[in-house]
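The structures come next, written out as structure tokens.
Here subunit A shows up in two complexes: once beside subunit B, once beside subunit C.
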Partner chain A sequence: MNRERAVCSLKSLKVYYMTFDGPVKAVDDVSFDIHREETLGLVGESGCGKSTLGSAILKILPRTARIYGKIFLDDTDITALDEREMQKIRGARISMIFQDPMTSLNPIMKVKDHFIETIRTHRPEISEEEALEMAARALAEVGISESRLNDYPFQFSGGMRQRMMIALAIVLRPSLIIADEPTTSLDVIVQAQILELMKEIQGHVRSAMILITHDLGVVAEMTNRIGVMYAGHLVELAPRDSIYYDPLHPYTKALLESVPNTRIEDKELKYIDGFPPSLLNVGEGCRFADRCPKARKVCFEKTPKDLVLEDGRLVKCWLYESEGQVEE
Partner chain B sequence: MSLKTYLLARVLLAIPMVLILLTVVFVVLRIIPGDPVLTLLGGKAPIEVIEAKRHELGLDKPILIQYIDYLGNLLKGDLGKSLLTERPVLEELGDRLPATIELTIFGFIIALVIGIFWGAEAARRHDSVFDVSARVYSIFIYSVPVFWLGMVLQLIFGVWLRVLPVAGRIPPLMEPKHITGLYILDALFTANWESLKEAFRHLLLPGVTLGLIISSVFLRMVRGNMILTLSQDYTRAARARGIKEKSVVYRHALKNAMVPIMTVMGLQLALLFAGAVLTETTFSWPGIGTYLVQKIRYRDFMAVQGAIVIYAVMVVTISIIVDIINAWIDPRIRY
Partner chain C sequence: MKDSALVAVENLVKHFPVRMNFIQMLFTREKKKVHAVNGVSFKIEEGQTLGLVGESGSGKTTTGRLVLKLIEPTDGRIKFMGKDITPLKPKEMRPLRREMQIVFQDPLASLNPYMKIGEAVRHPLVIHKIGRNRIQQREMVLEMLEKVNLRPPEEFYNRYPRQISGGQRQRVVIARALITRPKFVVADEAVAMLDVSIRSQLLKLMVDLKKEFNLTYLFITHDLATTKYICDRIAVMYLGHIVEEGSFKDIYSEPAHPYTKALISAVPEPDPKIMKTKKKMIPSGEVPNAIEPPPGCPFHPRCPHKKAVCSRTFPEVVEISEGHKVACHIYARR
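Up next, the complex of A and B:
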């Protein structure tokens, strides 16, 4: 599909949280590539591992987490980098936009100091004045006046703060932006504005973006490709329209059916019966098997492989065994 | 409300506070058994002599009149005369205050260093050996009585090793020229190295004792508040921007944790300035603490009242200073 070299690629990435009772397999065997100017949406319900995945790419997980597999940023495997080398990457080559802009800015630091600190940490050769100019330009990009550099975060509204977080994320022109539920804590009108802004910004920063959300409306609006996660597995990965109009994995289908739709009247809203499995010491087998209407014997016994179909879509389900190739 | 009006209100509120405190002390001193005149003259003095003395000191007047007289004098800045030595209380306190300030500042610095650095590192490496040892240390020190710790240190360094003096501020005749009253500073100003060395040697044991004792409170405060701020979104966001660990811990997390910590530290400091009674007594340190104990023993009403006034003024002043510093740290207080 996209022949260009990937900005970031995950090769059977696993993130386990070590507990006294055993490992919690929050992300298990996830592989995908993401390219320049592309937006990849990661959707799934709470606890499916999507946020863990985002933090794993930056390696800002709690100490109990262990990362296995590989994460390539351009050609470097960043799982092998030590903390000091990771610090150089964070904020400069990969940056993150967080869920709650109200609490993600240091309440006792002026806006300008957030910028100066970030810029000068990565590029100490830049003077304070130049850093301020860069900050002003980044703020202008998100529609905030330069005059507010001297204000404190609490003097801004939620939407404004999220704009500021975005400016802070793009000021060093990273090649990958990870947005972890960037609009969840905002009201609907502000959400729309922020999404519009993110699209526009990505257009001229030309970076890749991973958009993590549980909001199917948001991914539909924003992304080129969508990855669906369930209980630590990436169960389906396909272009946006394929996911919406022709979902393959039974979980993707069930998930889409559970979205309220105002156009279809008199139809009871569907839901998926049961709960996702506990990820503690989870063993072999498809993790959705318990709740899957089409589950067979094999589904409970063996974890399905990542199957790549003819059109390049990826699906992790035994139903398509005959149609796809196993990704090596 | 601007900071100025806020501070003005604080100062004005302090006046009734001091007044109530003073009234309680005034009344209590006169209710508890014991008579300054009897203590002064001894039980065997003839009754006429006792009466004469009592009249001379104004203690035969009704309590209400004594109270009004006292307040009147206080307004003029006169704390009265010590019943025991007949020297002005203010002058006596002035003699004692530098010793207490010197001890307090020294102990406070030790406590700050231990509390902030160990506390911050313990919070950063939550549940590590470092953190567990910090917890054990602070609980142990917190539960140990000051005088016990002081005596143990005296035993080790004064009796067994014989390297440090166990009492007093400086050997007689070695006092540096009086400038600030703080021997360390005075010796430095006058380049009197012998005195400096002696003053420091004398300060070491009581200072360390005091410092260790209050470090446990600081350590727990810093650790607890830092665990909180280190788990906040903004510290995680700072890490995600590639900010160096040291800056994340000290610039982001510690500074945000500082407001509640400052408040407790300020109160501690005020308490100490008013006399670390037990430490001073253990080391025969000639500060406000030993002064107060001595004067209570002799029922020296005037001196005790005076010390209490100084105490109240210290607490008020320091808590106002803490408020100013907090407003400087946290803009949300300022605006």
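Up next, the complex of A and C:
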């Protein structure tokens, strides 16, 4: 597949939240690479660990979280970096777009000051004037007039605020953008405008992007590859069309069937019985086994390995055990 | 024509006073109003479901509350079971309340955290004095819990809201709404906060219960795709107006109003091939505020087909095919 060096690569990443009752295994043994100009969609139901994974790459997790495994950004293992070194990376080499921009913007700081702060923290050699020019250019890229540099974030509508957040995320041309549910709280028409913008922007910034969402419609439009998470595990990772038209993992299949589509003929509503397991103290076994129509004895007893099939797809399921090679 | 509709509203209007801060109050002389609902009319036949779709702030929730008379309309009429309920006082409404119920989006906010869920479901029976005694009411609750798939019901009866999942909580809210055996239920984004797989479970439950109890729903949602499974008809709202109404098929395969077309083209489909070929007609800009809505057709500032008349007069409603109605000057009768 892609032979170019990965922008970011996760090696057996685990993120556990330590609680009085035991560890919550929010991300458990996840490995993947992401390349330049690629958009990787990360989908799965609420609580499956998508945001935890995104936050781990930026190292913005709460104190109770423990990270095991490695996260390489280019050649640096960032799990080994301290907070001061991470600050140099955040906003410059990796940037983030959140669902609610207000949580990451300072309400009493003008738009221009957000830009000046971001730019000058990483590139102190840039003068304030130059920084303002960069800000104006970034805003133009997202369709906001530079006259709005003097406004406060609360003076923007939801859609405009998300545009501004995108401008701030790309102003230093990061190599990786992590977008966590960037359009979830927007109305469909505004969402369509923002998605269009994100595609366009990524086309010329040429960064890699991890797009986290629970909306299988959004990933169908935006991504090249899709990772499906279930209860802290990455259960399948494949090129977009393979996920939609040739899903392998029983959970991927069930998930796709339960999504409402707009094909008029097909009115039968399918759903997955039951609900995902608690991640507290979760033990061995496939985490989908309880709900899986194909589950066998081994599924309840041992966690399936990450199988890499010949075409490079990854699937974590006992059904395919004889077909692939186990990734070490 | 005889009016067989269970619910009928005519020209409903609701204006709210604008919430203002102190500074704003100092500088504004005239009293400004939010034009939340601006002349909405529809009928729902018994046993049918009308879907009300539209973007945030289009007036869906306000319409739902008006229909149930949880708030008083500024103007217009509401008929329920053939009777004009507009002038009824809260006290006169009370006997009707058991016939009309509402299910909200957030089950956690609509359940008392200190009340066992069995007791929460029993509460409406107490209020409406249904059932001979406590024991019989408990039996009725257990039966209802079973119907919404909270099994075993005896075990769920004694749990508290925080001890069950979000999807299960919404089942409790549905059980509570149906325990009085209402005829009419307003479901306001009832499945919006739930995950895909859980959302489909709940939707299926609502469809099954509709059949079993011959329910009539007003199903409010911003998610067009879910309407297919449960709605017989769909009304599309924009800035307090219904701009188009028809069957799912009318709305989905032959949308007429430019706003409906935009809305449908913006829905992301869980299918890459469709997404590649789908023609998008995304209007620029965002919905204007409801304090000073545009004159004429509310969509005209963003409409690619607007004519001079669009900014002057509100288009009359035209029936372009049987049961498919649209309010747009493009379709005006000459």
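The criterion applied here is as follows: the second predicted complex is superposed on the first by the 322 of 328 C-alpha atoms of A that agree within 3 Å, B and C clash if a C-alpha of one lies under 4 Å from a C-alpha of the other, contacts with A are read in each partner's own complex, and residues count from 1 in each chain.
As a working rule, a residue touches a chain if its C-beta (ideal position, glycine included) is under 8 Å from a C-beta of that chain, and two chains touch if they have at least 3 such contacts.
Computed from a prediction, not measured in an experiment: that's the story for all the values here.
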Under the stated touch criterion, which partner chain does A:Tyr68 make contact with: subunit B (first), subunit C (second), both, or neither?
neither
Contacts for A:Phe300 in the overlay, against subunit B (first) and subunit C (second): which applies, first, second, both or neither?
neither
Once the shared chain is lined up, is A:Ser95 touching subunit B (first), subunit C (second), both, or neither of them?
first
Quick one: subunit B or subunit C, who's touching more of subunit A?
C
So in the superposed three-chain picture, is A:His122 touching just subunit B, just subunit C, both, or none of them (first/second/both/neither)?
first
Is A:Ser104 in contact with subunit B, with subunit C, with both, or with neither (first, second, both, neither)?
first
Shared contact residues on subunit A, subunit B side and subunit C side combined as an intersection?
none
Can you list the residues on subunit A that touch subunit B in the complex?
58, 60, 83, 86-92, 95-96, 98, 100, 103-109, 117-118, 121-122, 152, 154-155, 165, 168
Which part of subunit C faces subunit A closely enough to touch in the complex?
55-56, 165, 167, 195-201, 203-204, 207, 222-226, 228-229, 248-249, 252-253, 262-272, 274-275, 280, 282-284, 286-287
Enumerate the contact residues on subunit B facing subunit A in the complex.
232-234, 236-245, 247, 251-252, 255-256, 329-332, 335
Contact set on subunit A toward subunit C in their complex
45-46, 157, 159-160, 187-193, 195-196, 214-218, 220-221, 240-241, 244, 254-256, 258-262, 264, 267, 269-273, 275
